[in-house]
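Next come two complexes built around chain A: one with chain B, the other with chain C.
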Partner chain A sequence: MISIQHLTYRYDKKAPLILDHINLEINKGECVALIGQNGSGKTTLLKQLNGLLKPTSGRVTINGLDTATTKTSALARHIGYLFQNPDHQIFCNTVYDEIRFGLLNIQCPPEEIHDRIKRIAGLLGLENKLTRDPFTLSRGERQRVALASVLVLETDILVLDEPTTGQDYRECVEIMEIVKDLNRMGKTIIMVSHDIEVVADYCERTIILHQGRVLEDDATHVVLRKSESLMLSGLEPPQIIQLALRFGPLFQHVRSPEDMAEAVAACAVPGGVRV
Partner chain B sequence: MIRFNNVSFAYEGSEELAVRNINLHIDKGEFVGIIGPSGAGKSTLVSLINGVIPHFHRGDYYGEVLVCGKDTLESTCGEISRHVGSVFQDPEAQMVTTVVEDEIAFGLENFNVPAGEIEKRITESLKMVGIEHLRHRGTAALSGGQKQRVTIAAAIALRPEILVLDEPTSELDPQGSRQVFQTLKRLNQEYGMTILIVEQKVMLLSEFCSRLMVMEKGQIILDGPVRQVLEHHDKLLELGINCPRVVTLTKLLKDASLYDGDIPVDVDEAEQVVRKILEGAYDQHTAFDLSLR
Partner chain C sequence: MKQMLEYVHGDSVIHRLNPLVKLLWAFLTCIACFISSNHLFLLGVLLSTVVVAASGSVLARAKGVYKALFILGFLLMLFQLLFTPYGRVYFYILPGVPVTDQGLSFSLLLMLRMMAALSPLSLMLMLTPMNELLTAMTHTLRIPYRYAFVVVTALRFIPTFSREMDQIMQAQRSRGHETDTRNPFKKVKVILPMCIPLLISSVRRIETMAISLETRGFNTGPRSYRKKLGFTRFDALAIIIVMAVLLLSIIIG
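Right, the complex of A and B next:
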């Protein structure tokens, strides 16, 4: 579905490589986390997917379409893109118009437009904000407006650049539950996040990007045990994994507090330890 | 050092009280974390301490706020800023100059700090937040995280007695965030600076703060030493506040009657808890003291 082969990218001839021989295959229905330090190339890589940037060399195809030769507007029917900063994305005077904008661009039948906007606004708790000016909303609400304007397009692939920044924990969980539901419905999700707990809780596969290269690419629970690679990326394993790692192989399957509690209970016997 | 007597405030044009009947006492040298869902009144509380309310935001103001013994309503913003340094949520809204070192010098010049001393303080504060290399850079080209560090450096260069910070690590990665907390801890321990920080990263608050305040709907609903507040695990989750995962684990271990001692606040302490259980040395009738380690 998404295929990246020998992708390199530099902003101009004299500039250093931002992306350095990236090879990745992402299949339909995957939920993939892309993590790495600021400047590691995450956002540049995401922009290659929807054709905002074109490869310096190598090839990127989305559902078989080569991004180098396909119009960005055509790619937009396959791939929805949420920018890191909602204020870079929002420009209409009302929330309603903001969500409608993309629908008009993809020539959505007029009779469907209103229902689709209502449905997505309901899903994201924006039903009472439709007439508001987005810039009078809180940062968290603006983030959800931007997300709504992406989700309403119902693309197969969703690319989300830090979808939970500016949200409190409850809002963060609400957004991720929506993303997860979309994933269960078969959408492919690729998201950048600095929140390692979100990655641990919601993504099955994790890619670490470091200095423009793929440093790790594996199941999330495997990658989150690689303390050194995470350290290189300004990250640390989730607390429970850090804790589990201190006991050597004893808790190597542990992924959550629940797993850990179960494993500890299984080892603890009054007056001794079960080995 | 800071005292709130029955304080309520509603922003101009709003009927709703942003904070309600707040009574609060903070002593010199405390390191207080404030957490709560958005709209709980956290930023309002901070604005009442640094004088942004009532001096910039107007509205209905009840009760009194005393900072270093003086009523903020009767002090000017300039006077309050001699005692209270502020780091706001959005660094771009706070920066006034175009070069990093000028940004740090700006406040110092306003406070008539001698030129030689200014040089020393710029070097020192940039070093404390780990951005010496950005000294001569333009502020416009900095990343969000770098800008946040510049505003923190500018605030601590003034060596205020009290430092209030409103989500200062929102754009920093986990290591960058930890570094900010380590800096704050040093300021707290070495200079006795009183620190109040609004933050969503409960894991860092638990590890570094001495006191935790939980706000909801304009009120402080939990307030106490970190361990004591974290005991209210279920209540926190119900409020939509994340709990450190080691606390969740401890709760599960308690439910399974494997443990009934103090709540661990970080991974080191959690390791102790698990080791005790594994060694079978844990005696349910004598809760061991985590502070002994």
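Right, the complex of A and C next:
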């Protein structure tokens, strides 16, 4: 599906390596979080996936297409990309036109267009905003317009660069639930996030990038227990896992508050809890 | 574009010149190029800018500038060549469109003039830190700070906007918009609508910046300056050279 082999990248000949011998395989239907400090190369790696940046050496293939030789606009049929800043993307007069723009680019049949826009707008709570000028919307709403215009293309792979920035907690959960639903429908998701709780709740696999290298690449619950690696990235394990780590080996499997409650109950002895 | 106007950090003789001297150089060289209609003189000026770029060790960057100016100049030359019907006819490029000796000479002059007149401006920006330029303009030239600030900020934002435009183009390409076409006419058609996000985000940014300047006490009274600008023997020498070039342009004509 996505295959990255010995990928290195630098912006120009004398510049330092931004990506340093990265090897990754991401299979269909995975939901992968990419975390790391600012400047660790996350966005650069994402931009390699749809050919916005071309490898300095190594190979990136998407559904068998080599990104070095395929135009980004052609890769857009396979891979949807949400930018960090929605304002880089929005330029149409109405939300409706904005969502439609990509569909026209990929030559979607006209009779399908309206339905697809309606469906995605409903999914993201934008159905009342379709005639509005996107620039008059709030930051959170603009983020969702940008997301809608990417999701509407119904690509197999979705690359999301911090999809929940500028959202309040409820909006954040809503967006992630949509992303999760898409994942259940078989879409491959790769997302950058600084929100460790979002990563813990929604992604099965987590990759930590540090100074252009893959520092950790494993199941999320495994990676989130590696305090040192997280620390290098300026992150901490989610609170529930921090607590579980302090309690020791009996709490190894704890990933959620429910697990914690069960584990605590299992330690119950007459007159108290024994850890 | 972004590389042509951005300051390149360094410690060369040129870097250490008083910013006013560099400003003077850019300005007077430009004037000299318009005064003179001598091919050799213009070529000499152009070569002298290459020397300046080399001694400021920005030659690699400057290459881009020369290339862009050359392309622009070449187009200008081509038009001039086709629309100058007088003089001795060499041959006809199209029926009724002659290529003449005067046309060739004049169009070559135009190209050289454009390259020689504009490259110093770009080199000056590459070799002078913005804040020094600002200090020079307000302190020595007595330009009111707010106006000097406008000029310097406008220059400072060109690379930022250019980078932002890159991002916008990338965002559209990711949605299947074919901005990576090589056909120049197609490209213009494709790029024009992309200017809207740039415009809107710049206006937003500028509004925020204006407020942020106010909150930090912009333009409330006299300011202090971090660095005193000196005037050395090299500055004097540079001024003499620049003046000599100007004089030469007047003499040669």
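FYI, the second predicted complex is superposed on the first by the 271 of 275 C-alpha atoms of A that agree within 3 Å, B and C clash if a C-alpha of one lies under 4 Å from a C-alpha of the other, contacts with A are read in each partner's own complex, and residues count from 1 in each chain.
As a working rule, a residue touches a chain if its C-beta (ideal position, glycine included) is under 8 Å from a C-beta of that chain, and two chains touch if they have at least 3 such contacts.
The shown structure was predicted, so the numbers you read here are calculated from the model rather than taken from an experiment.
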Where does A:Q242 make contact in the superposed view: on chain B (first), on chain C (second), on both, or on neither? first
Output check: A:F83 vs chain B and chain C. Expected answer is one of first, second, both, neither. What do you get? second
A:E171 in the overlay: touching chain B, chain C, both, or neither? Say first, second, both or neither. first
Looking at A:Q37, would you say it contacts chain B, chain C, both, or neither? Reply first, second, both or neither. first
Thinking of the overlay built on chain A, is A:N63 touched by chain B (first), by chain C (second), by both, or by neither? neither
Which partner reaches more residues of chain A, chain B or chain C? B
Touch test for A:Q5: chain B only (first), chain C only (second), both, or neither? neither
For A:A261, decide between first (touching chain B), second (touching chain C), both and neither. first
Can you give me the overlap between the chain B contact set and the chain C contact set on chain A? none
Partner chain A, residues of chain C touching it in the complex: 164, 167-168, 170-180, 193-194, 196-197, 200-201, 204
The chain A residues in contact with chain B across the complex are 37-39, 138, 140, 165-171, 173, 194, 196-197, 231, 233-236, 238-240, 242-243, 246-247, 256-258, 260-261, 264-265, 267-273
Contact footprint of chain C on chain A as seen in their complex: 47, 50, 52, 71-74, 76-77, 79-81, 83, 85, 87-91, 101-102, 105-106, 135, 149-150, 153
Could you please specify the touching residues of chain B with respect to chain A in the complex? 36-39, 143, 145, 170-171, 173-176, 178, 200, 202-203, 240-242, 244-246, 248-249, 252-253, 256, 258, 267, 270-271, 274, 277-280
